[in-house]
Amino acid sequence: MADLVTAGIDVGTGAVKAAIVCSTGVAKTTVLGTHRERLLRRDPGRVAELAYERACQAAGLTRKDVAYVASTGDGDAVAFRDGHFYGMTTHARGATFLLPGARSVADLGALHARVMVIDEQSRVRASRMTSQCASGTGQFIENIARYLGIRLEDVGPLSRSATRAEVCSGICAVLAETDVINMVSRGIPLSEIIRGIHESIAQRLAKLLRMVRAAGPVVLTGGLAADVGLSAEIERALDEDGGPKIEVAAHPLSVQAGALGAALWSAHRLRRLQARGPDAGYLSTPT
Amino acid sequence: MKLPVAEASAVPVPGETAARGAGGGMPEGRAQGSPRVQKDVSMERQKAMLAGYFSELAHARETGLKVAYTFVPGNLTELIRAAGALGVYPEVNALQSAMRQKSDGYVREAERLGHNEDVCSYVKCDIGMLAAGNIGPTGEKLPPPDLLLLSYTGCFTFMKWFELLQKEYGCEIAMLHVPYQADGGITEDMRRYVAAQLRDEVIPKLEKVTGKKLDLDELSALLARSARAEDDLVWVLDSARNTPSPIDAYFGGVYYVGPIFTAFRGTLECEEYYQALRQEVAARLDRREGPIMPNGVLAEERFRLVVEGPPNWTHFRDFWRIFYDEGAVVVASTYTKVGGLYDDGFRHGRAEDPLLSLADYCLGCYTNRSLPARVDLLASYVRDFHADGFVINSLKSCNSFSVGQLVMMREVEKKTGVPGGFIETDLVDPRYYSQANIKNRIESYLQMIAQRKGRA
Amino acid sequence: MEAEAIVRRCEALYADLSLGSVREWKAAHPGRPAVGLLPVYVPREIVHAAGALPVSLLGGGDQIDIVKGDASFQSYICHLPRSMVELSLTGRLDALDGFVFPSTCDVIRNLSGIFQMTTRGKYIRYLDLPQAMDEGTGGAFYRRDLVALAAEIARLAGREAPGDEALAESIRRYDRNRRAIAALWAVRAGAPWLVALDETYLLMRAGAVLPVEAHTELVEAYTAAVAGRARKPEDRIRVVVVGAFCEQPPLGLLRTLERSGCYVVDDDLFLGARWVEGDVLALEEGRGSVAEESAAPVDGPKGGPHGPPGSDGGGDPYGALARAYIGKSLVASTRYQPDGRRGEDLVRRVRALKADGVVFAAPSFCDPALLDQPPLQKSLSEANIPFITFKYAENTGQFQSIREQAGTFSDSIKLWGEA
Amino acid sequence: MALFVGVDLGSTTSKAVVLDEGERVLGRGLTNTRSNYDVAAAVARVEALDDARFTLLERALSVGQGARAAELIRALRRAWVVAHCVERLGALGERVVELSGKNGSGKDARAVEQLFAGIEADADAAFGPLSDDRSRFFRDLASARFFADATAAAQEQRLAYDVAASAFDQAIVEVENGEEPSGVDRRLSRALDRAGLAAADRDGIEQAWGRLDGALEVATYVGTGYGRQRLPFPKEQIRSEILCHGLGAHALYPKTRTVLDIGGQDTKAIQLDENGLVQNFQMNDRCAAGCGRYLGYIAEEMNLGLHELGPLALQATRAVKISSTCTVFAGVELRELLALGERRENILLGLHRAILLRAMSLLSRSGGVFEELTFTGGVAKNAAVVHELKSLVAEHYGDRTLNIHPDSIYTGALGAALFAHRGGGEMPVPARGKRAPAIARTGG
């Protein structure tokens, strides 16, 4: 089979991720380059351009070298895409690529959390998403971090350094901000506050994972996968809830899982298209 | 439905049980450092009664007694007893779990099993408790039901709750459909429908599981005993018409209705409990003493309030404290009428036939009343008990109580000219209780009432 | 008529929150009342026979600003009662002379009290549908209540209570309507690409306000018209939608579902219109009436499903409606259903329709729908049938997460299904 | 002279009002509430007292100088503000440079240093205009300017945007929470330096100032607001926001019968009697959807200043229907609608309308809208909200007078100050300068 170079662009609510892969069939797929560009209140369309450009640079390629570009997430922002895949489909694919034994995926983004149970072919067997209320998501952690003046990268280590957690009521993301202010005013150390927030988010996620009857190992994907404080709390919440043991794992490229998945599906799709002619009608079409 | 209370095991002493459950509630929600909780003498007595009962239940298997699970509102305890079985009240178990800070874990467990965060937390607490081994409030295991007596009275969730339990236990289930008093009264047709179901559905199933024929005379005797306890309870609740009131008819009231709304209806113990309670309250009244609150006898009655809606159980004492600190006494509450409402003169055994008496009782309980009827009742409490205000504690869990409470508030305001206060909590899910928030509202409300009183 | 034209007509009826068509009907039928029926099920035959126009009310959808409604309900109560109160207090329900509130759930129950207090001078009726699923007790109680209901509505219309013949005639008309709908459902199950979910839904919704005869015609015309559509099947999965029987999802949500790769071959949207399976009167062949006296306190003859054959042979239409309720209702979340039969029923339905999976779509805070989910999902899992779950409100405006979920669901079934 | 001070410690902004014995407003102070309530309350109080000093100073000077006094004082006030900002900017710059060096490279640190030098040189433009529709918070002014400059620098590849941005976010919190106003006299001399007044004017001011200071004596403080429990006042000196907003609104408009207050995290509907006593009130429930913070998120999402939202929304041709007012999801809804091709202005108007719909529900819960309605709280500054409120009130309640005071954000603090005066003068003055711990840190 000929080598195929494909790209995936994952447009989230917090950042755009772009990944470029080269595949010769699933087994020999290599990642050529990735890039994550935070939106930071910029136009997603322009950030997508930028992220793609940077990923190409990282891969040492130009846009001409890429045979197929697929979007995922908020795909409408990607004007230059060739196709689109749904978010959970791509995260599942990305997760199995990063950790071939993955049986469940928890995608933790800026405004949503979703969990999936997958099979060895990365097919999604069951899934759940958090609902309309944004209590306890990445954006929430980001706001709190900004409010407290902590760098996002320091959030995880800070949480790990705490010896106890300050319980946070965790109903409304906005009111919780006030809770946090109250805590600071009471002189509670930041590390314990952050740990408390992690604990409450982790418990929600553990609940979601149990609801879909997740099995291990669970791969964390999305931006929050980089938060070691959260992943440790998730593992602990799962240990303590009395359910069957589940391992939790993250990969340095976890944040790119959606983009990788989209790139991988692109190769699959392209081969199908090449094999079947233009009328495949096979994968979901862009919406 | 939710119900009363004397904690069967240790009464949670703030500080002692303040050990945090896994992540529940706001930290400032726990009252701090009060050394000893003050209690009525009757409360100790009730505690002993409950402990004895749960032990009886734990040994039901050995003693061969059959067990019927059923609900508190309009409960058929005398019938269960007359059939020779023991009653278990999942709502009471749930609230007991909450008072012992266990409900948080149970609710979470049920949610993990797929139950939605939107639905009644009593159900989830019960399901969670079941999953955790069905350990009752005294630490002894509860027996599984031989019969689920689904007295469908005033709450839709009851039906789903027992359907779920039946799937779990695969035991007998008897449905008793109690029609709603939509037009503010009980018709002959409703009574007969309920009595017919008792005769054709409930009694045969009870007899089937116990293997014994029901003795109607025994039932009548039990009902007569209930009626005497009912008289004393009514006297106690009415004592709050005095100023100062010798009782708190909400926070204290939930204890007072404990025996009669649950397993003890119709027993001698129950009758004696209410005699003793009446004497205790009469003595306080003679001394012109206020109610005993967790922090001691209330020194000055600054506000007289009526409360609608059940309390929050996970932070019961903290919740009470907010009122206590402001000198607010609850002089009447609707929650102490969920098990049965005696205001219109209903007493057991007055009907021409024991089954009709049971039917009247089921049909009459508070949540089976229409909204306009509930408004009238609240307005009459505000007037008759000389209240300065009324507070609605709206529960996220409970559609039966909560839907329409905002409209009720406006209607009661219109009828009485007294403004209402509105707070929101939950029964046994600590995540929906915020001490700071509730305190803010109650304080603001009472400051407003004080301003109005000051001018008058 | 062309299918598209029919759908446009239905959509106009759907969008008219002020019930213009009901006003027109009343103008054309002086002196005759219109009665609003809340979800889920009220026997419209009774209203029809009593001379009134039955109008099913299903909330306000996503096109109404809620002010007074939100003033009346806390945030943890479903959306339907808010829009009902809003519609009522803003005069949009003025064309109605009365309201019937069935015993669907505690929300609808308490809403009846709110209407008692806020809509003075109108007929407000609570209909306590029996939960004792036995003809002798529940059936008899219900039959007596139906007789009373018919008499009360007839009084609104200034008429005598409808006799058996009048009611039987009304039932026959609704039986015809049920048959027309069943035929449409057969098309959905057999060739779902010929119809679209939003279309069938709008068609059903037209039945909420139109006289039954007109609605039956419309359904028949649409069913005939779509048969001629030149459409190819697309590669989509077949799903059954469960949980949307009361508060209705917005059209955008229905469209999103299909656009993200699903054919909805069965649903429980506006379930009340399809509540009885089959004909009500056909049931009557050789059946007795529900015994009148059977609920007397201690003795008296017992009726029941195995009661003696009656001599009136279908001459007791009130009893027929009661029996249909007890014995021929769809399995619904608002009815008592012990012994795990809910799960069995759903699995059977999915299999019969050759559906690939189930979409649980319940209104937020809807106790009847949400409390049923765990056992239903357990039954599906045991039968190896996949499902997804989400919540909505009638005014939900964000469909992205639904699109993601439904899209992934369809991907996961079709991508690997053929591999 | 005895002063009466009301402090309103809100969730978003902290306000203070100073009254004299005749209940005339002498001064007002406003600052953003930060993660340290105690500092926020102290800053608001100090600002209000400074403001009172200016009022008195102007009175003193106008005796001799007439109208010119007003001009002088205006210049001085402006210089005062800018000087204060520059002082804070210095501390901020130092810290951002340090952090940028630590997390990024030496190049980043140097670039940041240059940025700050540029802002300082331009301080009069960056911090000077005391226009009412613009945020006057140092945080907002500094960050608006900094982010604009940093974006430009990043474009030219002179700076890693990420590094600078997060260094700024961290530093601003530290600087704000650690803030300790320098002594009054120092502040005066700095302002005088900056104002560049003629020597004679300067002398006159200094003399008048000297006479002033002894005359100022705070008799009583009363606190209110979301964070009132944190104020170092005894219980008798704490009043609920409801009572304070009621009394404040009554003082501004004695015929007020209904008050609507939309703050950062809560919305309140209050009914008053003819004496300003509260008859009934309702607050939003547990969810913060549709409060002022919601507009904050929207403004952030659109990269606009809060004050720009209203005017933009008013350019709409119609209001897009908005279903969810979840504060946190506001941005997503906005983006989804933009993607569907809706005009930005129309969406904005829809968002504003959604807020008002919630407020209308609360008004309805509390009993309705009676003659006259006074709209208070920070959100009353938003023209689109006011516009929608007018039309919704007209639609639901008919013709009603709607009062909006330019100082509506101070209504709660005004009410508190009135309570301070009316509650009698003998209450103890809170211990000054009780400093809260700086943000405690473990680890990083």
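Chains: A, B, C and D, in written order; residue numbering restarts at 1 for each.
As a convention for this text, a contact is a pair of C-beta atoms (placed from the backbone, for glycine too) under 8 Å apart; a residue touches a chain by one contact, two chains touch by 3 or more.
Everything numeric in this text was worked out from a predicted model, so none of it was measured.
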C-D or A-D, whichever has more C-beta pairs in contact: A-D
Distance from the mean Cα position of chain D to that of chain C, given in whole angstrom: 53
Computed distance of Cα centres, chain D from chain A, in Å: 37
Gap in Å, rounded to a whole number, between the CA centres of chain B and chain A: 47
Multi-partner residues of chain C (at least 2 other chains): 71-72, 74, 364, 391, 398, 400
Junction residues of chain A - those touching two or more other chains: 74, 132, 171, 182
Where chain B touches two or more other chains at once, by residue number: 113-114, 406, 424, 432, 434, 436
Arrangement of touching chains [line / ring / star / complete / other]: complete
Contact set on chain B toward chain C in their complex: 113-116, 118-120, 123, 150, 152, 155-157, 159-161, 163-164, 166-167, 173, 175-177, 179-180, 182-183, 189, 192-193, 195-197, 199-201, 353, 355-356, 370-372, 374-375, 394, 396, 399-400, 402-407, 411, 424
Contact footprint of chain B on chain A as seen in their complex: 165-167, 169-171, 179, 182, 199-200, 203, 206-207, 210-211, 240-243
Residue ranges of chain C in contact with chain B within the complex: 71-74, 76-77, 81, 101, 103, 105-107, 109-114, 116-118, 125-126, 128, 130-134, 136-138, 140-141, 144-145, 294-298, 302, 336-340, 342, 364-368, 370-375, 377-378, 391
List of chain A residues in touch with chain D within their complex: 13, 38, 40-41, 44, 74, 76-77, 111, 132-134, 137, 139-140, 145-152, 154, 157-158, 161-162, 171-175, 178, 180-182, 184-185, 187-192
Residue ranges of chain B touching chain D (in the complex, touch as defined): 406, 410, 413, 419, 422, 424, 432, 434, 436-437, 440-441, 443-444, 447-448, 451-452, 455
